[in-house]
Amino acid sequence: MTDKLLFENVKPRSRVEIAKRVAQDVTAGWCINLGIGIPTMIADYVPASAEVIFHSENGILGMGTAPSEADQDPWLINAGKQYASLVTGAAIIHHADSFAIARGGHLDLCVLGAYQVSQNGDLANWAIDGGESAPAVGGAMDLAVGAKRVWLLMTHLSKAGVAKLTENCSYPLTAAGCVKRIYTDYAVIDVTENGFEAIELVDGMTIEQLQRIVDAPIRMA
Amino acid sequence: MTDKLLFENVKPRSRVEIAKRVAQDVTAGWCINLGIGIPTMIADYVPASAEVIFHSENGILGMGTAPSEADQDPWLINAGKQYASLVTGAAIIHHADSFAIARGGHLDLCVLGAYQVSQNGDLANWAIDGGESAPAVGGAMDLAVGAKRVWLLMTHLSKAGVAKLTENCSYPLTAAGCVKRIYTDYAVIDVTENGFEAIELVDGMTIEQLQRIVDAPIRMA
Amino acid sequence: MIDKFVAIADAFEGVADGSTILIGGFGASGEPTQLIDALVEQGAKDLTMVANGAGAGGDFGISRLIEHKRVRKVICSFPGRKALVFAEQHKAGEVELEIVPQGTIAERIRAGGAGIPAFYTATSAGTLLGEGKPTEVFDGVTYVLERAIKADLALIEAWNGDRWGNLTYRSTGRNFNPIMAMAAELTVVQVQHKVELGDLDPETIITPGVFVNRMVHIPHGNPPKF
Amino acid sequence: MIDKFVAIADAFEGVADGSTILIGGFGASGEPTQLIDALVEQGAKDLTMVANGAGAGGDFGISRLIEHKRVRKVICSFPGRKALVFAEQHKAGEVELEIVPQGTIAERIRAGGAGIPAFYTATSAGTLLGEGKPTEVFDGVTYVLERAIKADLALIEAWNGDRWGNLTYRSTGRNFNPIMAMAAELTVVQVQHKVELGDLDPETIITPGVFVNRMVHIPHGNPPKF
């Protein structure tokens, strides 16, 4: 996101604001995995009273907020290898059971970042060209194929200004046809059988403006 | 086994005596599954000091001797649905983990009964003709294919007087080529690449006599 | 607030005729007997029942479900000598039977819960029970392809449970219960002890609540003697 | 009497060059750091190492094993940004890399321990990482066939252990350790606390001793800060 406005009078959502927006759509009681990085911030905006159960693929069900430095336990980390905490009611499991949860369809939601997403829901978020000397996939593929809903939290444009919502992904896929909804700096977009459909635009934004930063047909739902 | 001697001056081993004989060949520290029925008796003749770990496929590692009536716990039963006990050091596991142990090659030994065994080690011990209205296989197939060693505890002849050690099993197989050793009322027999080889005969028994009750070539090892 | 505890009368609301159901327990140990009674009461029929056995006899548990003619097909490893009602109905052609080796049935259920649609096992290769199934040779050994079992409903017995559905079991009452809890669309649990959230040590929970949909507190005591 | 505790100098006796080894841990949590040091000392080389990552940096643990050029091939899900020594050797063509999705690597290891030679998963279907693998369609969905991982050696970190090898873990130090313990010919464990046989509740043992071959009592304290 640049400091200069891309569209006059349209203030894009910051990452924090996108995270807050995602949090609004989370249903109480869901079991959710938040991808490493920005998606993790969503947890800060889901009220504890909602009793959402956060899953961390390294073996936590019921992950709490980041601990203060004094409470950091080197034995308790999350999938991003940051210090974690447990909520009351949490359970510890091993890696095969943890991915049985992911792959077996027991996650109500997984929120991931993305390099690209295509109009049929293909996701590319693990490698730029497949030619990296050492690409790193982690748990992204298992989460993407297994969760009941895959939502993305992302900006519309790459740092180089290229549209990330496209007709077809040019980057290596994480999983085909898995993405259901996309939360961006300018809109909330559903991936439907008919392609991209915006269900919400930020203040002042028009669908015509949105189309200019999406590399595939997009319309209002 | 009939009251009349099959061979003059040759006293066949009783089931208890066969069980005792098997127990002599058990190595201290082994993890062992004893099939439902007669094989269970082997545990009574393995000294506690050997620290053999008995596995029961319904989720026990470290099964102890049958409890006295006063100590029977309806929550603690073995694979034969008899009351069981735990030794110090025992662990409780669920069914998938229990059969991961069996199928995954973690049992040093499994001792089973048999209807028939062939000279190449095929085992038939779960169904007479496959036409039963409701045959019951239980865990026999998983144990037979998975254990490092499968030994049989059996009589040479069926109640009808038919030889159970044969060239080819006519009954439905439990598993092919799995049997390594057979403990019977008259002998201890290895199943080798060259067929049946007796490694021990009961007192007074000759290999010629043994051959008369085995429906395949047998020789001394 | 998540609270999965319901009245037993509501435990099976919405369960349809023709459902595939998993029933935990091995012998009478860990069998969700009171839940089975409630399912008989609810009335669903034409069920495909997956369990280790086909009833321990008497007028309770699986035997009762079968006696009331709710089961169209039994998938099990060991019908059991005391499963007289089942044997009768099976002989009369009223109930189908699929015999599956005990380790294979356990693994098929676990696979169903873990998102594995099929796996290979050496169990039953070259036997009647492997006939007609695809086979593959890996490293010189022949294996049979087995499909996962996924169910509409699971009936589970547990020892302790909190309102999120976190569970522990008692001794060999554990058996099939934890894997069956994973493999159904609707998992209903009867717990002996309703405990407060946080009472169960996170390190010793056997079934995390994510696998559980409804719970009924039934302090029913010990399984019947057999 | 079963007593699997050995001196650390004897922990890897007999481990051959060219072995496939599993190393537990996720990040530095549950990594058997002192065992890795001992394996470096023992000298086995040309190893195929299966772990979640390729080292957390510094001169300890997996990074140290790689720094000492003992590893010929890494099978992992996430080499990690701090795995600089690995990255250097990989770039120089000295170490092969096989990237496997984290859930698939976990399931392949569990399959290795459970006697399942291969299984299907939707993970990686239609992606670079699924290329060249057999596929099958079940109920309209395409799945990839994945082979089990079985190893010669597993290096495990645990919290409590008794002389039979019964183990519990601490918090997220559990991670890959229990499944790796199942999948090797020789499983060697470093435990923080040596406890008496019977001290561990049979219901809360995570790894039963049947999976463990050798144990070393190393009260090494907390993982390094990262």
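Observations on the structure shown:
For clarity, chains are labelled A, B, C and D in written order, and residue numbers in each chain start from 1.
Heads up, the rule we're going with is that contacts are C-beta pairs under 8 Å (C-beta built on N, C-alpha and C of every residue); 3 or more make two chains touch, one makes a residue touch a chain.
In this text, all values refer to a predicted model and were calculated from it rather than measured experimentally.
Between chain A and chain B, the least number of touch steps comes to 2. Take chain C out of the picture and the remaining chains remain, by touching, one piece.
For the pair chain A and chain D, the distance between mean C-alpha positions equals 29 Å. Centroid to centroid, with C-alpha atoms defining each point, chain C and chain D lie 33 Å apart.
Chain centres here are Cα means. That of chain A falls 35 Å from that of chain C.
Counting partners per residue, chain D has 107, 110, 114-116, 121-122, 170-171, 174, 203 as the residues that reach two or more other chains. Contacts with at least two other chains are made by residues 92-93, 96, 99, 102-103, 145-146 of chain B. Chain-to-chain contact here is organised irregularly, matching neither a line nor a ring nor a star, and falling short of all pairs touching. Interchain contacts (touch definition given at top) occur between A-C, A-D, B-C, B-D, C-D.
Of all residues in chain D, those touching chain C in their complex are 107, 111, 114-122, 136, 138-139, 141, 143, 147, 168-171, 174, 201, 203-204. Taken together, the chain C residues at the contact with chain A in this complex read 1-2, 110, 112-116, 162, 164, 166, 182, 197-198, 200, 202-203, 205, 208-211.
For chain D in complex with chain A, the touching residues are 26-30, 54, 77-80, 83, 86-87, 90-91, 97, 99-104, 106-107, 109-110, 121-129, 170-179, 206, 222-226. Interface residues of chain A, counted against chain D in their complex, comprise 56-60, 73-78, 81, 84, 92-96, 98-99, 102-103, 127, 130, 133-143, 145-146, 172-176. On the side of chain A, the complex with chain C involves touching residues 28-29, 31, 49, 51, 53, 55, 61-62, 86, 88-93, 96, 99-106, 145-146.
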